[in-house]
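Mind having a look at this structure? Questions to follow.
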Amino acid sequence: MTDRPTQQGRKYDLDRTTAFSDGVFAIAITLLVLNVEIGTDEPDLGEALGDLIPQIFSYAISFAVIGRYWVLHHRLFGDLSYVDGPLTSMNLVYLAFVGFLPFPTEVLGEYGDEPHAVALYAANTAIVAVLGVVMRVYSIHHGLWAGGEDEREHRREVALAYLAIPAVFLLSIPIAFLIAPWAGQLFWVTLLFVGPALNHFSHTDDG
Amino acid sequence: MTDRPTQQGRKYDLDRTTAFSDGVFAIAITLLVLNVEIGTDEPDLGEALGDLIPQIFSYAISFAVIGRYWVLHHRLFGDLSYVDGPLTSMNLVYLAFVGFLPFPTEVLGEYGDEPHAVALYAANTAIVAVLGVVMRVYSIHHGLWAGGEDEREHRREVALAYLAIPAVFLLSIPIAFLIAPWAGQLFWVTLLFVGPALNHFSHTDDG
Amino acid sequence: MTDRPTQQGRKYDLDRTTAFSDGVFAIAITLLVLNVEIGTDEPDLGEALGDLIPQIFSYAISFAVIGRYWVLHHRLFGDLSYVDGPLTSMNLVYLAFVGFLPFPTEVLGEYGDEPHAVALYAANTAIVAVLGVVMRVYSIHHGLWAGGEDEREHRREVALAYLAIPAVFLLSIPIAFLIAPWAGQLFWVTLLFVGPALNHFSHTDDG
Amino acid sequence: MTDRPTQQGRKYDLDRTTAFSDGVFAIAITLLVLNVEIGTDEPDLGEALGDLIPQIFSYAISFAVIGRYWVLHHRLFGDLSYVDGPLTSMNLVYLAFVGFLPFPTEVLGEYGDEPHAVALYAANTAIVAVLGVVMRVYSIHHGLWAGGEDEREHRREVALAYLAIPAVFLLSIPIAFLIAPWAGQLFWVTLLFVGPALNHFSHTDDG
């Protein structure tokens, strides 16, 4: 009931919290396939499969997004020495938005040509990314991080640099409304360059 | 077949029981999103998404409830040194009611303005909370608890104090029928104050 | 690629096999709730919930059955020192029948008054139980069991005694066809006495 | 954030990556049962269950396929000493195709007499198998493999021999189109002989 900060008690917390989080990630990512469904009004199977291309596309995007967020979550929690109460609560809110992602994915697969669908998807993924940054900064500031104090300032900078991810998603919302929904989605491709840049930045001082 | 009380055998039990329980919690919490579905009869996507607010609201409530119960379950099992047969059975009954929660959540999202929906939801969550208290008291009385004997009486009091949670849910049922369904749901907000009070109470002697 | 019988390699097998099996059990048991659905043709929510009693009943039966099988599986694998190739294959076939159980559960909830529904359910659960006995006997005969040789014969007898479980399920099939579907389901109650008897028998020599 | 190659950090990676992968495998394999559904237009339950034979057949095939891929994945990761960034990405792509398998399974159960259904299923399973070989070869070439250098060349040959599995699946596609869909599915039976042959080959040098 108490979670006193003994070495063993804290370790237990961390293990079971990551196991629970892994479960939510794994289930959310595997539920995505339920959104891919053959329309019953198409008599020809070959054409019906062709009609599914937008849904398969949104499956691929969301698998990549959730998979990437899992990697980031995994790195964050791999650096912690234990989990405290507030981080447990933040993690639950974070997981609530991860677990919600199959819904915007379904909407994107069915209504990908409407700006509302792009906005819903971008908003949800941006919130997850912002909450990830909040958890990183919190854990650095509250002594949950397992590393030495000398790297602390650099860590904080790296954590804030990750705000580039939600920035891309949020910027895609006005693009979807003002230019076109496909332009908003195309803008997400920027993330393929943001990721490696962040990785490079976060490793410069570690060598 | 025997689960003889060797140190190793009992530890194995505890690990696999918590892993199985974590699985049920993680799946139940992630299945909640399947209840959020766009009505096919609404031509405008923006309005269709607006119509989903009650379902998103019930998603948020249930994610918070299941997430909180997971934290409590996690604390309970984190304090045990092993699991015995009766506790395994109690835990299965407990998980049956946790795994059932997506159904009342769906009903609440679709029929939130009817008292039966509020009552079903409140009854299910109250039963989970009562079973949680039963498991706490059982594990204290049957030597499953890893801590010292001197804290035993205090632990028992803390466990019983958690009956405040089902009390709030059960009280919301007559409120939903006699006043209004939304008043019953509003009453659940009381839990935001009950939780911290319980945490404070349970830690007073530990310092 | 080889799974050579080093101590460490085999231990890894056992852990990951139990984790995978736990996952299938936890998911199958949590998917059961998807079978409980409100009919859209019933205007009154109170009555619609009343109509769900057979579905809630089949949810409860299947949660108890899968939960009990999980306990038995957990005991079986808890006694092993490692897992070999044939047992891995048997376990996959076993899990295929465990993972199938949500379907007969759905049929039982919707067509519980037809003998075919009772027969399908009883056949599926009986096959799971028989495969569990096969895995027990195999692991005793092929040196996978972690215990001493002196208890081997007793273990084999205990394993065979578990055939009482599928016997009850198989006997319920002719009862459902010749007498009545509800009589077949009522016969399952016998298992509440078979379980404790088996537990008592399996522990007599261990004291 | 860094995943520096300390012994402990890398070990953590491997454990959580296998746990996440096991989760995706376990969920995908258990979601298969959702494809087995009774048609509502068939009044007689006995006949309705008879109509389900193709769906039960595709359930059995996919359970065997996913289960077998899990065993291969399990062997691959059991031989690694740690996981690096590229392998994590490859594993996510691999899991995306594993998690997609319930969809081709559903199509095969409903349209098993059309060559497109056989082709979709064969293509998906072949891609998973090819990605498995790619991950094996990558991990051998990049020092992720825990074993000695002297077996390296033999390992590489064994890994490439596993291309026999996607070869069978890919060959079944022209058979399904040119001869008949059932002939394509029948050709998959070849895998029952390929598996043991691969096992024999991979063990010859291990003594």
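Chains: A, B, C and D, in written order; residue numbering restarts at 1 for each.
The criterion applied here is as follows: contacts are C-beta pairs under 8 Å (C-beta built on N, C-alpha and C of every residue); 3 or more make two chains touch, one makes a residue touch a chain.
Given the structure is predicted, the values throughout are model-derived calculations rather than measurements.
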Steps in the shortest chain-to-chain touch route ending at chain C and beginning at chain A
2
Report, in degrees rounded to the nearest 5, the angle of the rotation taking chain A onto chain B when the C-alpha atoms are fitted.
90
Note: chain D sits from chain C at a C-alpha centroid distance in Å of 26
Check each residue of chain A and list the ones that touch at least two other chains.
19, 23, 27, 31, 34
Would you pull the chain D residues touching chain C in the complex into a rising list?
18-19, 22-23, 25-27, 29-34, 36, 38, 45-46, 49, 59-60, 63-64, 67-68, 70-71, 74-76, 78-79, 136, 155, 158-159, 199, 202-203, 206
Chain C residues touching chain D - in the complex, by the definition given at the top
1-4, 9, 12-13, 16-17, 19-20, 23-24, 27-28, 31, 34, 85, 88, 92, 95-96, 99-103, 106-107, 110-111, 114, 116-117, 120
